């Protein structure tokens, strides 16, 4: 094992809570808007079935999950429910206050937290957490701030990849698979 | 013909019923959600015109079809109708009971069934059927459990590819084409 | 100029009417369905701004346009209006009767017609027209039946490419560009 | 620095106002239409979270922004608000009159304006501005008329790329990043 891999494994071993941005992380960063006849516009977001299944497996395996996003929508509320995401903080342009609230509520410290981000507002959180992750479609500044860059794109398996990375590092993926086959 | 191809051809020759998962198989795995002004969110799924046409050709050629999915939506109900899918089982997180119900109803046994899957919940069914198929976008565990991995992606021609594979193996594709040209 | 190119140019020179399939030609073949709270599902189709602009330029340059599709939707009606498409025949699973109706109405014969298709139901029309075109995402049987296969995909510039191909062959593209720059 | 780069940098240094087309520039050029049960069709456009964030950063850094588009929709109105776009001119098939109105209102001259376009109707404006930009998905005629062609596609980071290009040329990007990290 290379030194970089050993260091990553050590970081993963401590994670108890996986936090994520939404746009560009649980979606591909597209903001779809439909014009309605009354002159209003209504947003559509595209999530991944693989991410959803992965986040549910995370919960079963004891890894807690949450999202912090600057925007706010019913779509995220419903998707969080479907994927059994525990902490859902929307409308938070500034992410650090929400981050600290979640840490207090979950009773964990920085090194037990992984965070997946893609753009500049994620930088302050990425600088704090034990495992800083950038999706493959993140801006260069975020990739440079990350311990790990995903192979999959946001909204297309990146969150699933991180769940597997952490659970495999913790030796919990085999029993997840055994359950799935039963 | 290689031994692997001969074995695949033999499996295809016995198929009378083609079953499929929906998300990631008849779609690309994206779960789209639109936020409505009343605070609810409404799902959109993207299907393929090629898959739809292929599934209709399957029925004409005497190959029965069905879907088993963990989610439930009006979109799947309508798309199944358009593609003339005979067995439609939605809201079935556990797939084996639905699978066995379909087998009893269709009066066929495991070796006469093909199943196309993409993620862990499909593993128990894939372990049973005569022809186990993974879409090209399936997770690695599902690909390893498959007799055949499609070239096309889910929601982008994978089901059509399987229909052609089976009908060609059974020598029925030529008459399908002759009809189309008439 | 190669013989194939000269033959294509000759076919293009005669075209007065450009007919098209819709799904897979003016769209990428995706059929999107949204589930509504009342249990119905409502379709979404994705068209290309480049195709729309190209079809409007065609009309200005005297090339008439039309669509023949097996499905039927308000989306196609509106898009046809926006792109100033003259002949709009929807709900026509069998395309030849609609095709012949358009020919009578437009007072043109087979060799003056170009048709763009992508799947088996397009084969009978492609066998008749003076210029048979397959989009790059067409099924192999349709590509084999075509005089020209587009570089662009359906719903992503294929129709625009054909408009330019015809207008350039007829020496009309330069004045189209001159108008655009004015 | 090559002569071309020096010339581009000089053009960027003068820019005070960034104008953009919408379809194909702030979107990927897809026009999505949903059929509603009352026979009407309602449009959906897909924007980029990266573009939105970039345009907000532009405003903070003192670069004014605007859009001129031939179509008209509530989606563009809302997205312009979210991205804090100052000048929003919709339903303008002919772009020069809208362009001149914005110049008078913003009190800037041609050489202080950058414009991002993708198709033929953008040519007259591109011929006037100090910095003419084509997205990577622009038609060839527009690319030939541009001082700069983006690496990113429209609706997928092209506007963000231009904001960074201008702000970096003006030495303002470092303080943007410093603010983001605070």
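The chains carry the letters A, B, C and D, assigned in the order they are written, with residues numbered from 1 in each.
Assume a residue touches a chain if its C-beta (ideal position, glycine included) is under 8 Å from a C-beta of that chain, and two chains touch if they have at least 3 such contacts.
Everything numeric in this text was worked out from a predicted model, so none of it was measured.
Enquirer: For copies chain C and chain D, work out whether under half or over half of the interface numbers are shared, and give different or same accordingly.
Expert: Mostly different residues: under half of the interface numbers shared.
Enquirer: Roughly how many whole angstrom separate the Cα centroids of chain B and chain D?
Expert: It comes to 43 Å between the two C-alpha centres.
Enquirer: Just how far, in Å, is the C-alpha centre of chain D from the one of chain A?
Expert: 31
Enquirer: Please output the residue numbers of chain D that touch at least 2 other chains, ranges allowed.
Expert: 32, 34, 40, 44
Enquirer: Think of each chain as a node with edges to the chains it touches; is that a line, ring, star, complete or other?
Expert: Topology of the interface graph: a ring, with each chain touching two neighbours.
Enquirer: Note which residues of chain D are touching chain C in the complex, please.
Expert: 23-24, 27, 29-37, 39-41, 44, 119-121, 123-124, 127, 139, 141
Enquirer: Can you name the residues of chain B that touch chain C in the complex?
Expert: Residues of chain B touching chain C: 32, 34, 40, 42-50, 52-53, 57, 73-75, 77-79, 82, 155-156, 177, 180-182.
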